[in-house]
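So that you can tell them apart, the chains are marked A, B, C and D in the order they are listed, and the count of residues begins at 1 in each.
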Amino acid sequence: MDLDFTPQEQAFRADARAWLADHVPCRPLTSLETRQGFAEHRAWERTLCDGGWSAVSWPREYGGRGASLLEWLVFEEEYYAAGAPFRVSQNGIHLLAPTLLEHGTEEQRARILPAMASGETVWAQAWSEPEAGSDLASLRSAAVRTEGGWLLSGVKTWSSRAAFADRAFGLFRSHPGAARPHQGLTYAMFPLDADGVTVRPIGRLDGKPAFAELFLDGVFVPDADVIGEPGRGWQTAMSTAGSERGLTLRSPGRLAAAAGRLAALWRTAADPDDTALRDRVADAVIRARAYRLYGYAQACAGRLAAGAEASLTKVFWSELDLAVHETALDLLGPDGELAEGAWPDGYVFALAGPIYAGTNEIQRDIIAERLLGLPKGRRG
Amino acid sequence: MRFLPDAEQTAFGRNLDRMFAAADTPSAVRAWARGEHGPGRELWARVAGAGVFGLAVPEAHGGSGLLPVELGVAFVELGRHAAPGPLVETVAAAVLLGRFAGDGLAGAWLPRICTGQVMASLAMPCGGPYALDADAADAVLVVSGDPADDLHLARDCDPVQASLDPARRLARPRDGELLATGPGVREAACCAADWAAFATAAQALGVGLALLDRTVGYARQRTQFGVPIGSFQAVKHRLADVLIGLEFARPLLHGAAVALAGRAPEASAEVAAAKVAACEAAYAAARTALQVHGAVGYTAEYDLSLWIGKARALRGAWGTPAECRAKVLHK
Amino acid sequence: MDLDFTPQEQAFRADARAWLADHVPCRPLTSLETRQGFAEHRAWERTLCDGGWSAVSWPREYGGRGASLLEWLVFEEEYYAAGAPFRVSQNGIHLLAPTLLEHGTEEQRARILPAMASGETVWAQAWSEPEAGSDLASLRSAAVRTEGGWLLSGVKTWSSRAAFADRAFGLFRSHPGAARPHQGLTYAMFPLDADGVTVRPIGRLDGKPAFAELFLDGVFVPDADVIGEPGRGWQTAMSTAGSERGLTLRSPGRLAAAAGRLAALWRTAADPDDTALRDRVADAVIRARAYRLYGYAQACAGRLAAGAEASLTKVFWSELDLAVHETALDLLGPDGELAEGAWPDGYVFALAGPIYAGTNEIQRDIIAERLLGLPKGRRG
Amino acid sequence: MRFLPDAEQTAFGRNLDRMFAAADTPSAVRAWARGEHGPGRELWARVAGAGVFGLAVPEAHGGSGLLPVELGVAFVELGRHAAPGPLVETVAAAVLLGRFAGDGLAGAWLPRICTGQVMASLAMPCGGPYALDADAADAVLVVSGDPADDLHLARDCDPVQASLDPARRLARPRDGELLATGPGVREAACCAADWAAFATAAQALGVGLALLDRTVGYARQRTQFGVPIGSFQAVKHRLADVLIGLEFARPLLHGAAVALAGRAPEASAEVAAAKVAACEAAYAAARTALQVHGAVGYTAEYDLSLWIGKARALRGAWGTPAECRAKVLHK
């Protein structure tokens, strides 16, 4: 057993570090949940893409650099350690792209992925509906067959990034007579400025429009913008869901950087004899280290925790992220109440972690039923 | 022993509850968060009219004498309705100034605090460098120096900064006119700090109760997987824990009120115990409320957000949990 | 609002304190979960009874002193602050006696209560069965009608104190055709040395026989030893259940004394700058204080948390008791691993708190459904 | 990078697992707890025969060289089966003595540790004043002095005392023959302490895994209210949390093994991180196991108790959670 990187991996790390040192903006960008910040982050995606670092794990033909899982983990470590901006293209790169790579057509991949990598097209997810949150399979938005495509109608909500994004992807009920709620759904992509789309931005706790409600009224989607087989959208989407919850959405590198910043803050701002704070900081460092090593083990096993195992990861990183930020606010004392700054911004962001991508309650049900083999309860 | 609110005290709380419910308080809070103080100021006048500020003012200056039990009852309701403004700070300022009764200061300020004409903010070393809602306040008092013997009327303040509770805006005051100095200021400030912590604890309890109420209501009617989410055991148990936290914070609050009323030497420790219990219970209520509501609870437009941010802010205001715990053991 | 005691209550406290100062053994008794310790504790009950302090809240005619709720709270404070022994008669005094006082006949009260107060008869509870723990209503042990009484058969288990006690009380299925499992039960009392009773002591985690399994084979119970109406035993028992969970089983005074000892241990044995430990000690002190004041409020309202409110109390004291003892063991460092001593003994005892008298999971269900009005789940 | 046990390591663990399963380990543990060491000693010989102790002994002295990865694999199984005896202490003693290779001590003891002839216990200042199972051990080593420069062979010990894990009996050793002295002892003791903490962490992980396995099995078959209790969400979520804790402790354990193998300067901190994570996860597993089993889990006669007490004891052994956390930050 070892933790050694190959010369190639070391070179990859050195390249990433050098490029980031040259290109990461010295001042933090404006919050990406604002119009101006969104534009700044989009421009940063362009810069990343020009350097070839926007989607390192994709094949080169789509704008990636064919990095291995381990290299991707290394990149994420370097990226967040360098204090680089959060990724406005995250939803596309980590949720939509894996689905396209697995289920999309060659035409779709060639058309969609390079524009996603460059930030030219920023994607929003459109899963939830007012009556379908945790119980996603109960969604009602409809896709009605029309010539050469589908007409989408209904309401989607909690659509992250949709206030300023270009396009969205989601599931729609196309075959309403299906025997089970998970059947008869179609996975479709659509522009947010299309005819029939109304975008109502929604402010998160601090008022920043981090998501939006989407009203769809006969929005035309050509067949070319359906992923996988119509009516089998749930199966198509599940690979995306596993990817969302697993390591990719919040990488070990991202959490390690957060815990590292916390430890640095503790060293400079805290009373070193305050063991209560010390214990919380140490736990954050330990858990971030655990997550990093867990990622290596997954990469060595040739898989990034998918399926039910992704649920373990989701609960772990979302609780760790919140603990890191709660500890930081406590460390900051009276300044911890102020709204502006990376820590409070990250705190508000982290508060949503146990909710999105499937609530942690749902994840624990999945862990208990699928990994531990406990009998299914009433859910579902 | 009569360790329960009496009928009059209960009625006082119920009347405040009704008053806030009828006043469209959430709109006033949202306006306040935008820096529009008109509706909040109207609410303030009604709070004053109900006699709330007078509960921290001696009778000689237009108040009802210091009545912490009644003040606690009032602040639970202020928290329950997320009322905006430097309510705690005005009370603490009144207690501080009341300790100078006899000299001109108390006479100049206290009657106008009672009537709601003067909304005061206050910064003291034990509460951190910021004055709450300094832009809205008519007077910002500052206790400073080392030892903290000087009482200033702030000349002006740095620009207000937004906080994690949008209805709480913080500003660093600059010293201005020296109103008083000496150990008497320090002693009065210590007493005022206890009252500030006590009122904050009461407010936090009210915040927690409101969060629990709303979340239970939501869990009863919100359906997922074909059943109300309140029928899921994970939801039930979290809400049960919230209730336990709040129910056992309440007697500590009452105990602190009795200790303050009796000017008991252990009042500081009793207040600290109530503060940490009420604030931790309210913060747990906020985290649970958010989790049970899911995304809708995470939105600014849904009224729940008015309480969620406040629970976090009150936890640190006028004594962090760590400071309170230290006080409990070192009394 | 005040916390003032009347002169009468103050005199009551002074009397209790003086008597305890004169009588509490200076050396701790042997653990009551051993034969020798059981005998020592039984003798202590006799001493208590002779002083009139065994069951202060009972009417004088049965060996009590007619104390008010508030006086009972005061007595418990003084009792545990004096370091007096745990009560081997607890099951009888706090579980059976309230039922007898509410539902028993005058003959039963006169016959049973004085002997209970003096420790002459020590009672064990016999609720649970191998297949009926949390789901108590599913119990199967039978009471079959015979001339002048009932014949009990079946298995009872987790019967606290039964290894050394004299008599037991419990529920038996007497009317097997009842429409619902809570119906058709009879509340009966029986001697543990009766014909047909086999007592198998069971060791708790540290091996001490804190409870027993009872095998009953046609044990005769005369009608005089049935409490309340046959077939309505569940209703009769429920007053006992509320009493068990509420303040009476683990009084505020008992928890206050434990937290006080923890604070004293902390002052003498801990690094005062270790804020992590300090916070845990402070929390224990705060929670014990909350429980004490909660008890006063209940007494002032004229009731000791009963019914669903008792569930709040049960969860609170059981978690507090465990936190106190876990903190103490951590404070003791390497000595915290040793099995002998009041702290480890109390720790093993506290571990059972979240389980007995209805698991804390059941209590939280009750709180959620009956106090918060959330919809009933699948349980029951 | 190959950050996973290889096939051989996995097979080694599986074989140990089978060996313990076939050996009626619970009976040996219960006998051990009564002070009857025969069956435990037989088990010890088989552990030695499988080469476990040799994993902490240089080849020159009959071992396989220091192989922490394999040692970790073995100790997970030792924990999974609640194997009795001073396993950790014997490994630590071997590491300590191995550092004196060349002088006679290592040659005298290490070969016999490898073969299982010598069961060693060990007390060092960093591990507290007690030696585990001193009554069963063939040799009790003591590091003492200030600074801790002296290595003694204990002359005898105070009577053994029962601990919260009935299979762990503790005694305070008395200094005897001085075997070695000087800073070399201190340095070797530090190294041995890391290995002790590492082996304890691995053992704790195994304890936690066994507790989870048994509790999941129980929750599947135990019926209350007409359904398996494992279908209750409260039970599910607690068990899910236990799995999360154990699954994320495992990579820390592997990371610590790699650091020890490479004699990395940060090995102490890596071991400390693994220790606190594995021990806290195991203790949480024990609390959950007890709660889910209810009364039956609280009985000594039910085998679950063999692991419940051990989880508590290992948490404090060879580095408390607080000490480990301090080490993680001050590395």
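To be clear about the criterion, contacts are C-beta pairs under 8 Å (C-beta built on N, C-alpha and C of every residue); 3 or more make two chains touch, one makes a residue touch a chain.
Molecules present, by chain and UniProt name: A, C = Alkylation response protein AidB-like acyl-CoA dehydrogenase; B, D = Acyl-CoA dehydrogenase.
Nothing here was measured: the structure is a model prediction, and the numbers come from that model.
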item: Distance-maximising chain from chain C - centres being C-alpha averages; value: A
item: Selected interface, A-D versus A-B, where C-beta contact pairs are more numerous; value: A-D
item: Gap in Å, rounded to a whole number, between the CA centres of chain D (Acyl-CoA dehydrogenase) and chain C; value: 38
item: Intercentroid distance (Cα basis), chain D (Acyl-CoA dehydrogenase) paired with chain B (Acyl-CoA dehydrogenase), Å; value: 51
item: Shared-contact residues (touching 2 or more other chains) in chain A; value: 274-279, 361, 364, 377-378
item: Shared-contact residues (touching 2 or more other chains) in chain B (Acyl-CoA dehydrogenase); value: 227, 231-235, 237, 322
item: Touching residues (chain side chain B (Acyl-CoA dehydrogenase), partner chain D (Acyl-CoA dehydrogenase)) in the complex; value: 232-234, 237
item: Contacting residues of chain D (Acyl-CoA dehydrogenase) [partner chain A, same complex]; value: 1-6, 9, 69, 212, 216, 219-220, 227-228, 230-233, 235-237, 239-241, 243-244, 247-252, 254-255, 257-258, 261, 273, 276-277, 321-322, 324-326, 328-329
item: Complex interface listing, chain C residues touching chain B (Acyl-CoA dehydrogenase); value: 1-6, 9, 70, 263, 266, 275, 278-279, 281-283, 285-287, 289-291, 293-294, 296-297, 299-301, 312, 315-316, 361, 363-365, 367-369, 371-377
item: Touching residues (chain side chain A, partner chain B (Acyl-CoA dehydrogenase)) in the complex; value: 128, 131, 133-135, 138, 157-158, 202-207, 211, 274, 276-277, 329-330, 333-334, 336-340, 344, 347-348, 351-352, 354-356, 359-361, 364, 378-380
item: Chain A contact footprint on chain B (Acyl-CoA dehydrogenase) (complex, rising order); value: 127-130, 161-166, 168, 170, 223-227, 229, 231-232, 234-235, 290-291, 294-295, 298-301, 305, 308-309, 312-313, 316-317, 320, 322
